[in-house]
Amino acid sequence: MKLFTSVHDVPSIKQFVNDALALKANPYAHQGLGKNKTLGLVFMNPSLRTRLSTQKAALNLGMNVMVMNLDKEGWALETQDGVVMNGSTVEHIREAAAVMGQYCDILGLRSFPKLNNREEDYNEDFFTKFVKYCAIPVVSLESATRHPLQSFADIITIHETWDSLKVGANVKPKVVLAWAPHVKALPQAVPNSFAEWMCKAQAEGMIDFTVAQPEGYELSENFTPGAEITYNLEEALAGADYVYVKNWSSYKEYGKVLTYPDGWMMNNEKLKITNNAKVMHCLPVRRDLELSSEILDGPNSLVIHEAGNRLWSAQAVLKAMLEEL
Amino acid sequence: MKLFTSVHDVPSIKQFVNDALALKANPYAHQGLGKNKTLGLVFMNPSLRTRLSTQKAALNLGMNVMVMNLDKEGWALETQDGVVMNGSTVEHIREAAAVMGQYCDILGLRSFPKLNNREEDYNEDFFTKFVKYCAIPVVSLESATRHPLQSFADIITIHETWDSLKVGANVKPKVVLAWAPHVKALPQAVPNSFAEWMCKAQAEGMIDFTVAQPEGYELSENFTPGAEITYNLEEALAGADYVYVKNWSSYKEYGKVLTYPDGWMMNNEKLKITNNAKVMHCLPVRRDLELSSEILDGPNSLVIHEAGNRLWSAQAVLKAMLEEL
Amino acid sequence: MKLFTSVHDVPSIKQFVNDALALKANPYAHQGLGKNKTLGLVFMNPSLRTRLSTQKAALNLGMNVMVMNLDKEGWALETQDGVVMNGSTVEHIREAAAVMGQYCDILGLRSFPKLNNREEDYNEDFFTKFVKYCAIPVVSLESATRHPLQSFADIITIHETWDSLKVGANVKPKVVLAWAPHVKALPQAVPNSFAEWMCKAQAEGMIDFTVAQPEGYELSENFTPGAEITYNLEEALAGADYVYVKNWSSYKEYGKVLTYPDGWMMNNEKLKITNNAKVMHCLPVRRDLELSSEILDGPNSLVIHEAGNRLWSAQAVLKAMLEEL
């Protein structure tokens, strides 16, 4: 694997999930693979889960890790070509990325969208240029439009918990992505990415997938091929085995927080409609705004388990990259 | 050892000091113990000595270390339950701590008091919740009311230097904690903790302990059982073998800087009253405000030696935790 | 090697360059040397190339690395003696440096000039005191007046590329340091240091060295012994084999950005005057202000290669220090 920025970089989800679970069962079996290899983690935006889990994953594989909080430790990067750099940008992404490529074997990169200009964000301009100019393998630690390490951990969690229920290979869980309220305008990266992975998992016959959101909050259709889409949360929740709760800002009225009907916060009342569904969230979660405390502190929550699986998704990706270095 | 937040977690100071000195004599003897174990260091407040010494201690034991400056790299945590999180806090401590517990084997945590509300600070609410929700062993890197790694380093330093004087096991040093002036309102964590360790060391027959402070600056009695308490610095210094100089804000008029009589800065003039006492300070020290430069640059100062021993106190604690993982 | 702050710490450039190229050919051959040795990297100012390359160099040698961004993670240090510390400085450099010396085997230190007071900056007061009080070997990661790891990487790059042209040992390249425009007042550290290394390389018979700058931008003569100095860029570029492009503020009118004639930006037009010169820059570079994009993206640019060699300059220095620990 040379690049991990979306589910399109993964030939088979089933196989990749099994690889991750094999690492979870035996975390230190491949420490020779990473010897004298260096992972650089570059953050243009803050990170907690992603940094720690990816760092730990690399250590498990015997790699060295260098962390670079470019937003705080570095300086403003220029991304446009043909600009006379007499303003506030100190270094061009061409040089900055190329230099980091000199000192590392694999780079992880996080860069959030600005949520001002849809075309600019969905172009993934910053990310694409960084990948091009650093000239070494890159793992997305969340880009403007996707968060694939999170989505990979999510499908690992679903597969793992469903399997442990021993319901048989021919019964597929119903997975629902349910929009939830928030006070800030959040990116679509996590829901886009989750949808994309679930649609592929559905195509591989692993799950059935539904997305529920209020009007105006529809995701780009590029990320939901084959998904059932509904504006009716109750309808979506009926018979659900997994409910993935997440806020996002509007794609249509780009980056806006639109008004929405009451009743989109997930709570125990709504859980009754489901098939005693497990509840997931990528975290950080706003308690009692997106998701009720009663769920988070109760037996149906998978959020910590899911965060724990971030380690194995990262380790599976890094292992696949190390094998091709 | 599962928790290290105060001297109450230490069965025998004498034994623990000997463990630390054995590590100092042979720092790399236990590198197998930490193999594939990860220490997470979480700072809600800045750190120099604590971060470097604990990081180095972990490396000596073969551990991996991940540092998280949550105050700068992270986001605001909610600590109250039952709050609808529609304000400025981004993540609840329940999730944040639990997630960190997923990626680490041991966590170190630093969290200062706010000095506004005594009950809140002395409850150690943040610290206690973090310990509870992370669900793995925790080392205090200084909490609202205690700094046990510092105090442990302090007693190591006293034991080590007293022993080298070969005065015989039956002569006990007189140790004095002496309040000193400062321009800011500082926590009581260091003096509380020092007093608590010295009182236990006194109970174990290792030292005699006196605290001297101006009126209004008395520490909580919970931290000074068995100590001699005085408002008269000269009286305290008479015959002292060790003087531990430190400022703290008022416990009674909580967090306040009260007026105080002249003459509380430690200097060579005052040193003459002592038994040629060694002078200690946890650092950072305000020169010529808390403690005179002539002492800091002279032969009686132990401050650098003492800071060096932070390494061995941390290593002894981590070793004790690794042995029970 | 106990100290690396300038070319004066290097007995023979030729030998040191060969040491670095041997490491480049065989990066992991000396991992036993750094076992259980700790490098502390202390930054008073931001860093990208320097931190990553030095960290990687230390890892290649088997060392542990602890990074300390004192400007962001720490607090204000007092450097003057005899000051009552009742102001905003929290710790004296005497204690701060001494404490770091307790936890590390080698320290790297970056500290920029303030560009207000020439004597103060050129005294290297902060740096000299840090070296004195930490009491362990120190590598400069750029000081007020020099950036020796950069200059060492520069001469490695020149030697390496010239050698690969196989022009014969008796033909020496003409190296030109060419001032370039900028919008900010930059330190003289990089050009001072480059000049100093090139003058010594010239004395060792490796190169011929010329400096070109507008009037008012002359470097201190202490850094340019034996160099050809000119105000005429075209004259300097005639027959040049290497052009090192760099802005700096005035040394004479200290720290000022003076007016200068047009035509000091390096571009393809000017490259025609040269002997198809290779173009160098320490980075970060302001595109189309200091140096044209056409050069940076064309075959004559060495800037990324040069940045890559920062790794080997750092590794050669650390290796030389480890050998004398």
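Should a chain be cited, it is by its letter among A, B and C, assigned in written order, with residues numbered from 1 in that chain.
Definition applied: a residue touches a chain if its C-beta (ideal position, glycine included) is under 8 Å from a C-beta of that chain, and two chains touch if they have at least 3 such contacts.
In UniProt terms, the chains line up like this: A, B, C = N-succinylornithine carbamoyltransferase.
Treat the numbers as computed from the prediction; the structure is a model and nothing was measured.
**Q** To the nearest 5 degrees, please report the angle of the rotation taking chain A's Cα atoms onto chain C.
**A** Between chain A and chain C the superposing rotation measures out at 120 degrees.
**Q** Are the two sides of the chain B and chain C contact the same residues or different ones, given that same means over half of the numbers occur on both copies?
**A** different
**Q** In angstrom, rounded to a whole number, how far apart do the mean CA points of chain B and chain C lie?
**A** 40
**Q** So which stretches of chain B touch two or more other chains?
**A** 72
**Q** What residues on chain A touch chain B, complex-wise?
**A** 27-28, 46-49, 51-53, 55-56, 59-60, 69, 72, 183, 283-289, 293, 296-297, 303-304, 307-308, 311
**Q** Any idea which chain C residues touch chain B in the complex?
**A** That would be residues 36, 38, 40, 64, 66, 68, 70, 72-75, 78, 81-87, 90-92, 94-96, 98-100, 102-104 of chain C.
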